[in-house]
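Below you'll find the structure I mean.
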């Protein structure tokens, strides 16, 4: 299904197989001897990085070890549902599961996963010589359990940051620049503050109207019935205004409302939500039906001059002409920030955006833990990372940044990888909440009402804070 | 006079057909566009037909596998349900069974429940209860075939009931006098008359099994996956591949259409639900 | 007479399958509805809760709202489909060329998978991607954005359902109309009755069983709608199309609140049974009354 990508990477795969099987032929085939002929089964989302595992890495692994891999790639909802059901009921269907960064806390709380560090320590024969936690970027820390001496429970397979994309071609167009200068009095440049972002968005929306072209000033991920809108606000917009961890204070009895000590409905949150909702007027009409997919498609179709877009999309938007109309016209920058937010992030007290990604982990209920662990180590090797990065725009190893193929692609995507490398530490994953999905579902209905204007931003925040606290109480985290 | 009425009706039906076909036509348009062209001012006409999505889908061994699974599940379920429904309806019609009406209503209630919450118990049954050694009912075609009976049987019984009730019992008795056993009564007396009802049962059952999504997605993994679950897999983080999804949806529609074409003659006669010519 | 045993034997496979795959899961759900069970609560094990879940339903404004809009949806959809289906069946009764061909085309929407129906209509209605927003704006000046306007979204789900299921009604009505006896109608025409009188006093009574059966089926399925609407709107905007099926799905899957999900499922099932039972009783009662006459 991704035929041209595959031909490119098939060559890489052959080279890979040759290299790994030759250089470490001893390790892989030896370690796998007790498990040869076994079939391991895994479930993941149907995305390019996962599909790369399915189409390239898994067959290479089978070639090297004789262990067969059945890889089920499915939709986001289905994947969660099946993995959770399997682990809860201990049915032992899956030997490895995809763990998105935001759900790791729920899985750790339920003790679903095998302790990889401990397993490797107990059985040195399983430890691959080129598998080293130190090779990975700091993203791997999300998959360590602090309550178990920071042992590792998942091997990262993809990581991205959600960045600010803008149309470089429009921004450097002399006619546009002149008109902007005339209208606002200063030069057109990628926004660093929210006021600037809004100003630029207003300008381009008007520009689109005046020139009668399908161009708007910004994308907004505002689907009025799908959690993606909720995510854009809580994970990408609110932190840039200084509202972290959804405004819930875990150290204060999980308070969410200002009255109880939280910040979910405080003044900064209000500013953030009003900013987010205000952008809707400057966004293309499909915004209230746009999830993360559609935002990427909208930007790739050339319908927006700016937007916050997930990192894994930046690569194909900037380089793949069969899917994108703006190849070579994409600029990448840090998201616009409120006052003091950057300082807080640099001091480690906050963050400026979302560090997305996932890992593969092994359920306790698996019947082929050792074989699965070998597979996880295989995809965690340094040798496979570069081609995988080029195919899926994901980086989990520090060394991958320096690989020539990645450097070459970096130039084509306006330095996305460089930005991720240098500014990555300023971004953060989801807060460590085992009740992630539950509180999301409890608060989302009010958020959607705000999107369509049924209630005001302040009302929505108040209701969300109340609902969050009610749900946390019912779940038993918040004590009365 | 009659002639013009016929022409007017024809015109009407042409118009109605356009409305019916428009969404499917649009699905085809999407499937034939290249991905970069999807957004923008939507044009109803295609400048060029891009068959890439279809070629990619048809040559994909995964798709072929899913297609095969769907065909097997739908066809087997259809045969199983039709047979069982025929036997059951005959029993309800010809035998003085206690609590007949209640049984009948109870079978229909199986179809009334919202499916979401029943997935968990079925998942547990399939993975832990219905096992023989290492073999599980989970991720098998037979698992789906048996499950779909729960939804299809009630409907099938209902459709067939009116038709079989309408066959006079005297015919049975006449055949019995001639020395026919149960099997012969069924095949020689009932079957021919009930053919339209069986055709309708067959097509509706087959289509339901063919199109079912939620249970198929939950109770299968890699081996027994069907075509409809394949459709949902196109919704990914890096952009729903609408073109491929549309192409797959069109290809999924084709076998159902073929089956429809074969049995459509009988559908009208079969959907009488007991309203019988005096 | 025939032995009861043979009868039960013939019925046995059906009853067996329905029991194993229908009743057993049902009992499990019933038991679960009396527990507090959320996979990611501080205590993730099922705990006995008596009728607490059921009590909670009364205060759950979101659920009650979902029930209300589902009933409203079912009403609009069933009435529209019955009227339209009857009308189309009548049009199908007269003789015109290529009748069989048009009948097949008309039955096409029935063949499309619900999830594909939702996807198709989504492709039709996304601004910038689908033709409907563009055409509605050009021809009628309507700003058609179902992500932003609840009423538009609701109406779109109704239209989508009508497109999908009217053929079933048409075919059923056609079957019924085809089997109407000719003599009473000829007699009525000779007696000088007008069209309305014929329709009201002759056609409707004869069609009653078919009408009630079709209403029964459509109502039952409309109350359970999930796939198509989920694909089209996800339940949005806000809660405008969050029908019961979707609400339950949200509670059981992302929220993993199994206990509560079980309770609302059973309440929904009960509601559906009550509604359908009323219809069924009137259908059977009429039949028996007719037989008695």
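Which chain is which? They are A, B and C, in the order written, and residues in each are numbered from 1.
By definition in this document, contacts are C-beta pairs under 8 Å (C-beta built on N, C-alpha and C of every residue); 3 or more make two chains touch, one makes a residue touch a chain.
As the structure is a computational prediction, the values presented were derived from the model and not from experiment.
A.B. asks: Most contacts: which chain pair?
C.D. replies: Per chain pair, the contact count peaks at B-C.
A.B. asks: Of all the other chains, whose mean CA position lies farthest from subunit C?
C.D. replies: The most distant chain relative to subunit C turns out to be A.
A.B. asks: Just how far, in Å, is the C-alpha centre of subunit C from the one of subunit B?
C.D. replies: 16
A.B. asks: Measuring from the mean C-alpha position of subunit A to the mean C-alpha position of subunit C, what distance in angstrom results?
C.D. replies: Here the centre of subunit C sits 39 Å away from the centre of subunit A.
A.B. asks: Which residue numbers or ranges of subunit A touch two or more of the other chains?
C.D. replies: In subunit A, 81, 214, 294, 298, 301, 303 touch at least two other chains.
A.B. asks: Any chance you could list the residues of subunit B touching two or more other chains?
C.D. replies: 38-41, 120, 124, 232
A.B. asks: Please set out, as single numbers or ranges, the residues of subunit C touching at least two other chains.
C.D. replies: Residues 128-129, 253 of subunit C each touch two or more of the other chains.
A.B. asks: Given the complex with subunit C, which residues does subunit A contribute to the contact?
C.D. replies: Interface residues on subunit A, with respect to subunit C: 77, 80-81, 84, 88, 106, 109-110, 214, 222-227, 284-290, 294, 298, 301, 303, 434-438, 440-442, 445, 448-449, 451-452, 454, 474-477.
A.B. asks: If you look only at subunit B, which of its residues touch subunit C in the complex?
C.D. replies: 5-7, 9-10, 12-13, 16-17, 20-21, 23-24, 26-27, 30, 38-42, 44, 84-85, 87-88, 90-92, 94-97, 101, 103, 105, 107-122, 124-125, 146-147, 149-150, 153, 155, 157-158, 162, 182, 207, 210-214, 228, 231-232, 242, 245-246, 249, 252-253, 256-257, 260-261, 264-265, 267-278
A.B. asks: What part of subunit C is in contact with subunit A in the complex they form?
C.D. replies: Against subunit A, subunit C makes touches at 38-44, 62, 122, 125-129, 133, 143, 145-150, 233-239, 241-242, 250-251, 253-257.
A.B. asks: Okay, in this complex, where on subunit C does subunit B touch?
C.D. replies: It comes out as residues 1-2, 4, 6-11, 13-15, 17-18, 21-22, 24-26, 28-29, 32, 88, 91, 94-98, 100, 102-116, 119-121, 123-124, 128-131, 134, 163, 171-172, 174-176, 178-181, 206-207, 209-210, 213-214, 217, 220, 223-224, 226-227, 244-245, 248-249, 252-253, 258, 261-262, 265, 268-269, 272-273, 276-277, 280, 284, 287.
A.B. asks: Can you check the complex and tell me which residues of subunit B touch subunit A?
C.D. replies: Residues 34-36, 38-41, 56, 60, 120, 123-124, 127-128, 138-139, 217-218, 221-222, 229, 232-241, 244.
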